[in-house]
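The chains carry the letters A, B, C, D, E, F, G and H, assigned in the order they are written, with residues numbered from 1 in each.
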Amino acid sequence: MTAEQITKMLQQVRKGKLRVEAAVERLRDLPYEDLGYAKIDHHRSLRQGFPEVIFGRGKSPEHVEGVVRRMLPRKHNILITRGDEALFRRIRKLAPKAEFHPLSGTIAVRVDRTVRGKGNILVVSAGTTDIPVAEEALITAETMGNRVQSLYDAGVAGIHRLLGESHLLRDARVIICAAGMEGALPSVVAGLVGVPVIAVPTSVGYGASFHGLAALLGMLNSCASNVAVVNIDNGFGAGYLASIINRL
Amino acid sequence: MTAEQITKMLQQVRKGKLRVEAAVERLRDLPYEDLGYAKIDHHRSLRQGFPEVIFGRGKSPEHVEGVVRRMLPRKHNILITRGDEALFRRIRKLAPKAEFHPLSGTIAVRVDRTVRGKGNILVVSAGTTDIPVAEEALITAETMGNRVQSLYDAGVAGIHRLLGESHLLRDARVIICAAGMEGALPSVVAGLVGVPVIAVPTSVGYGASFHGLAALLGMLNSCASNVAVVNIDNGFGAGYLASIINRL
Amino acid sequence: MTAEQITKMLQQVRKGKLRVEAAVERLRDLPYEDLGYAKIDHHRSLRQGFPEVIFGRGKSPEHVEGVVRRMLPRKHNILITRGDEALFRRIRKLAPKAEFHPLSGTIAVRVDRTVRGKGNILVVSAGTTDIPVAEEALITAETMGNRVQSLYDAGVAGIHRLLGESHLLRDARVIICAAGMEGALPSVVAGLVGVPVIAVPTSVGYGASFHGLAALLGMLNSCASNVAVVNIDNGFGAGYLASIINRL
Amino acid sequence: MTAEQITKMLQQVRKGKLRVEAAVERLRDLPYEDLGYAKIDHHRSLRQGFPEVIFGRGKSPEHVEGVVRRMLPRKHNILITRGDEALFRRIRKLAPKAEFHPLSGTIAVRVDRTVRGKGNILVVSAGTTDIPVAEEALITAETMGNRVQSLYDAGVAGIHRLLGESHLLRDARVIICAAGMEGALPSVVAGLVGVPVIAVPTSVGYGASFHGLAALLGMLNSCASNVAVVNIDNGFGAGYLASIINRL
Amino acid sequence: MTAEQITKMLQQVRKGKLRVEAAVERLRDLPYEDLGYAKIDHHRSLRQGFPEVIFGRGKSPEHVEGVVRRMLPRKHNILITRGDEALFRRIRKLAPKAEFHPLSGTIAVRVDRTVRGKGNILVVSAGTTDIPVAEEALITAETMGNRVQSLYDAGVAGIHRLLGESHLLRDARVIICAAGMEGALPSVVAGLVGVPVIAVPTSVGYGASFHGLAALLGMLNSCASNVAVVNIDNGFGAGYLASIINRL
Amino acid sequence: MTAEQITKMLQQVRKGKLRVEAAVERLRDLPYEDLGYAKIDHHRSLRQGFPEVIFGRGKSPEHVEGVVRRMLPRKHNILITRGDEALFRRIRKLAPKAEFHPLSGTIAVRVDRTVRGKGNILVVSAGTTDIPVAEEALITAETMGNRVQSLYDAGVAGIHRLLGESHLLRDARVIICAAGMEGALPSVVAGLVGVPVIAVPTSVGYGASFHGLAALLGMLNSCASNVAVVNIDNGFGAGYLASIINRL
Amino acid sequence: MTAEQITKMLQQVRKGKLRVEAAVERLRDLPYEDLGYAKIDHHRSLRQGFPEVIFGRGKSPEHVEGVVRRMLPRKHNILITRGDEALFRRIRKLAPKAEFHPLSGTIAVRVDRTVRGKGNILVVSAGTTDIPVAEEALITAETMGNRVQSLYDAGVAGIHRLLGESHLLRDARVIICAAGMEGALPSVVAGLVGVPVIAVPTSVGYGASFHGLAALLGMLNSCASNVAVVNIDNGFGAGYLASIINRL
Amino acid sequence: MTAEQITKMLQQVRKGKLRVEAAVERLRDLPYEDLGYAKIDHHRSLRQGFPEVIFGRGKSPEHVEGVVRRMLPRKHNILITRGDEALFRRIRKLAPKAEFHPLSGTIAVRVDRTVRGKGNILVVSAGTTDIPVAEEALITAETMGNRVQSLYDAGVAGIHRLLGESHLLRDARVIICAAGMEGALPSVVAGLVGVPVIAVPTSVGYGASFHGLAALLGMLNSCASNVAVVNIDNGFGAGYLASIINRL
């Protein structure tokens, strides 16, 4: 409920067009409505090309299908993370524009391809096994209306590969770095640029990687100051946050 | 070494004005120079109001004093983190504009007060004991040329305090959230806004807070997607990254 | 053996109606019997509508079936946790009143529907994936004779949802909060009410949630003082303890 | 702002006694006020004998003194945790009724000695080194208007001590158990009673106690279902929650 | 090589019956032989009824069968841990005396039933789910020639069960305690007796039991001084060590 | 209360020499008395030369002095662990036989030097920095009436030192092994002998020793089966348990 | 691009044979080329008999097959780690010299059997379950052109086995030690020799081995100074590093 | 005892010049003597310029002084780690050649400056705060007879610094990398060279560095295969192992 709406309602009360009891009733849910700017903001976001997002993991195909069916009429992009081939085949029947990205299991229905991000988002990943997480970030950013570039297999033990593609680093407004094992990539990348770097530790590795803990700790302790970290394997979160920043 | 500089040098070689040996010698350090865009970028940053930063912890007062002495002629802002009253008194003699922020131990010499950040940075903190970390973030952002607002003592167990100041949340382009104990504040804040939230876990707490680990894990697992995390107690990093984003 | 029983027995000894040897024999197990107030308490509890509980996990269907068979004649409610559809079908043959709650795998046989709890127990959960744990708590509390309400999907990143249902919070005498990921919900809820809040961390999440550790630590460090915590995923324990409190 | 207050205000608007703009202004803060039931609840609590609480740790004596000075006129009990002898001497000058409990560093000013808790709260502790935490719980509960009993030095390796005082267990409506090292006491106690047991792990121990972690994990895994756990060394929290329950 | 054997050999050298070169050759392996007291001790142990032990886990049935075949002629008891029904059927064909204990997967071939332990070994376990580990300890101790008694399902939350069987505790010369979850049983048991208690944490539990870590830490921090701990789920180790002690 | 005592009392009841009420009163504490065998056992232990033990850490000198004063008339050995030079000087005034062992801070008053242990206890330690813990074990065992030998500075990286003293290993009935860092010593020692080995991890080391955790985990995973483990730095516990075993 | 190549190019520029623009273009990638010594070094390594390595885990058989097909013409040795029987059968069709080592899943194609390592590499392992990791190290070292010896099943609880084969220790220039459980072997071995020892913790064990963490910590805390550690189960890394050292 | 010595002794036995009993006696300690090659090897090492090493931490100045006094006549280099200025002043009186390195607290007495290492050892460190550990490694390697170079302050966030000094990397036969925080340096360095890299995590950092754990895990998970790791802050170990390798 906006200030105007409240003013209008009070004027109706004054004019006797609205009973006091009815006004009290309406105001009863005000805390919810007044917080509505959050919801309004959310709605505005949706209008501006933010996708509707479904976390596929642990949901039945029927469930996801049902949600997609309700979403389709709104003409927003739809993003399903952690899906699979079988789910994709169901979704494609509902939404022929659906695309499947098998490494990450991401399904994207892009009905709105307007670019709203102001610059490029670059997704860098360390090893080939980090690509699923990087891809989730990339597809998320793309579906949220960004120009996205990628630089895969640029691990720190082969630093020349990263340096040889330094134009990509220079062209980016926001950079996402996905790396497992020692998780050193974001520090090196962030030292080469002056833009925000979102670090995504991946659970790639074995033994003392402790399912991504080594990479996570490494990234949190980055000696570069333009690095912030999201959860292990959270490609979606990195892509989402990078999009938010790229809209600023 | 820029492309123009290389072109110029090669023309001198062609014209016989530069010996081949001398040219080889100059190119010898090319990898270093070519990466120079990082340094140039750094220099440009400095010109644009990025402060020179000295991490005070573990450095002798003489050492810090010496560094400050060398920095002063460059007319940049200077930021010293983790200092103390005694250090401040020494610095003030060199730089009368120096200001001391005793909760965080931050010393700032602001010779350049130009605002370069495009919007407001808001620093929210959960409890009074989180204020030192929040203050370090705030002073860092200010010294880097941002308009900064603060909302302290807004812990999640008193949610009305946060909601009652929602206009501050709405006015911010980037938000920094410092919280110890359960570290829940960034999730609540990020759910109310559509801008990037940088979460700083603090080591405030006891027992099962494990020196900030509880807050750190909480923030990494935030159910809001517009949150990224920096190291425990890293107010400087949060302020720095927020400034980088606010410049975009 | 109660004080009266002992008195009675001693009088029989005095009157010569009971041989000393027989009395010694009866007293032989006294430590066990004397502690009997615990058992008696337990029996009384059962009479008062506490269910008989079977932890289904790791037990064979035959085993559970056998236990239920022995329990049925006592006419108490029976609660089986961590069961499945197949087990339910077996149990329903023995106890046609059995109900199955598939999300949590809880099977309840409610022969006694008397309400003994003095107020409402409210079960709040953060995300849809926390519902299995919440449901286990809810069914446990119901089967123990409480009026139970639920407020699901009220995560802290959408705080208006929680505030919009604040009448539910106000109506509860005891609140159970199940949340995974950052586990922030109990702090927010407890800050809004003056009643005990039992926090159940769930293993929902991935990466740095470390199977519920993040939520557990968050809840233990709650900045609200009316929160206590049970084991990760222990919906039964939360429901049981809430029932005990609601009986007071 | 209560429903009556809103009704009254609306009636004034209708009668023309209050301008629409003024009414809008008043409603502007409604979300804050509407959440007021929390605050009102808080106020009511205070009226009912809940103490005003100051966490002494990390606060300067002047600061604590100042807060106490502002509190005294309200005639509520005042509780200061983690204080010391020197602080006590300052407080006693302001409040001659102040009492100091040196083991826990708790300072209590009890101006209101009305008993509001409905039954006894029993504080059990395992070893003599756990007494500081137990005492903090005990004084908190007392200051909040409860009859409190204590049973100290009743560790599980001398089970007869606990059993020999079983009447204390039977007489309690809520039990607090403080234990360090293996933290087994709450399980044993909870198995002997039918009332809620609040377990407080203490940081007592060395080596593999890992500053209370062993006790914390032990208590979270209690095989008794009427146990919930608060943070390590959090005697205040246990006493507070027990008081809340004892008021029900 | 014993001192006698060396003496004998040297006498043969002196008498010229053994060439110096041959003697040097024999002495070449002396470090190995001289350490032989370990091996001899081992052999003596075997003669005295120590079983030959095969850890079944991760070994193919053919492999185990082959080892058993080579062992059988030596007429010692044979103990196979972590086996299964299928393996048992193969072993029974070779050794008709083989017995299978399905809860723990232990297979014992007891050809020698002489009792060599000087007193009783008592195996106590906390819950029914701890029985597999307890059984492994029990069968190990039995196969090593001890009189063994068991007291199962004597968890600390039902302390009367333990106290009611206190004669078993009094009759034991060594006690093994297997417990998961909070692992409190060994402290309680050890407080009731004056004999060595070997504590075996089990991985029974979920959530914050962290696969036996909670029980392990609890046992290491036992407030009783007559407790020592073996690895999580190491029933064999506990049975073995108890047997060694019971032989003393 | 023994069976005879009960019989006697019941006969007095029968004969009318004891009122029923008085008999009920006496039986009231029966659980406590019946558990008395534990206490009796404790008393018997004391009579047999078990020392009275005071954990000095965290106790004021006055407190320890007071306890010693009450103990002295009983003519038992007295053992004070974790004391210091100043405490020793006080104790020596009360008990001229007191001896101080400065490395471990152990103070022993040995009024009874009867040897009750049946064999030798050998205390082996890895490095010179482990000696304080080893000494605490050694003095404990000695004060409890054992013949004790020591083999210090026998770390596994110099295995010949251990082998060169193998007669000490052979002569021991129980062995205590104290080691920090990698904690490998108990495995090597236990592989050389057929007697129980009690392993004490020490907090000696730095970095990844994590205050004794590395040694603790190493010892729990010993590939030798005759090893059990006590808490980090718990020399007293090891000495106590070894004495219990050596009495068997 | 080498210094000669640059000189040559510059001379062509001077002579007017190369346009300035073309020269700038060539120099554009100089940072990449200048770092080329790394790549050249890599190429040289390959020429000198370093194998081409494929980590098999997580790669499809088709993928591995494709890589092998491209590698075969280069006539280098090929090493595939973490493969299986099925993969081996495919590879053997392409490369008849392929050999399969089923314990570790290593597939080696050795076309070049030149010995380039200067001394022996010895692979020692503690238990039979450590052999897969040891074998991976052994085959890696062999395929990289080293003489390799092995000493398996030499755990520290049977130290005589290790001592009895001390000639193997003496003959080695580099030693690899693979051990799980307590991970004590490298300390013992390193104490017996004066050459570098590369320790590989294995994930062998259960309970408190925490998937190799116990062994890892043990090895990092080795009291011998000639030990360095690689990741848990990283047999390949140990073999690779040992080969690098043995080439020096 | 060598083969020749045994042969000689046996010949004396044969000739009757040595009694059998005396020969048995001599052979009694054979295991110790036979292992003597380890000691001999140790002695040889000392002769070849290995220093005598004293770990200063936790030793009294008198103790260290005493050891040095006994060492001086042997004319070996002496290395004291973790000492301080006061200790140095004492040592300098005994050994005027003593040098003090205050950052690491290392005291070296270099009487023998022969270079025995075959190539250069390079010590690289990430930040200025890592220098104490790097210096300990450097002085250790120097005192053990190596040519050592250093490259300090070459953290991965400023990769051009490392690349600009690539000639140092190329000139090294063994490289030591000391780094705290994210510990990424060894991966980058090892990717640029073909020689062994010994990684030393340092405890530099705060918050989620967990006293060097982050750096340790990062290094263990290095994606470069020519990296092995020593304990946190173990500069001595790295310098020692590098020297061993450089001697090969």
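Note that in this section a contact is a pair of C-beta atoms (placed from the backbone, for glycine too) under 8 Å apart; a residue touches a chain by one contact, two chains touch by 3 or more.
Because the structure is a prediction, the values reported are computed rather than measured.
Contact with chain A and chain G alike is made by B, H.
Chain E has its Cα centroid 50 Å from the Cα centroid of chain D.
The distance from the centre of chain B to the centre of chain H, each centre being the mean of the chain's C-alpha atoms, comes to 40 Å. Chain A and chain E, compared by their mean Cα positions, are separated by 56 Å. Within chain F, the positions touching two or more other chains are listed as 31, 35, 38, 158-159, 163, 166, 191-192, 207-209, 213, 216, 220-221, 231-232.
The full set of touching chain pairs reads A-B, A-C, A-D, A-G, A-H, B-C, B-D, B-G, B-H, C-D, C-E, C-F, D-E, D-F, E-F, E-G, E-H, F-G, F-H, G-H.
Within the complex formed with chain E, the residues of chain F that make contact are 31, 35, 37-38, 41-42, 44-45, 118-119, 163, 166, 170, 173-174, 191-196, 198, 216, 220-221, 225-232, 236-237, 240-241, 244-246, 248. Residues 3, 6-7, 10-11, 13-14, 16, 20-21, 23-24, 27-28, 30-31, 34-35 of chain E are the ones that touch chain H when the two sit in their complex. The residues of chain G lying in touch with chain E in their complex are 129, 158-160, 163-164, 166, 206-209.
By the touch criterion given at the top, residues 29, 31-32, 35-36, 38-39, 58, 201, 203, 211-213, 216, 231-234 of chain G touch chain A in their complex. Against chain B, in their complex, chain C makes its touches with residues 126-127, 155-159, 163, 180-184, 187-188, 190-192, 205, 207-210, 213-215, 217-224.
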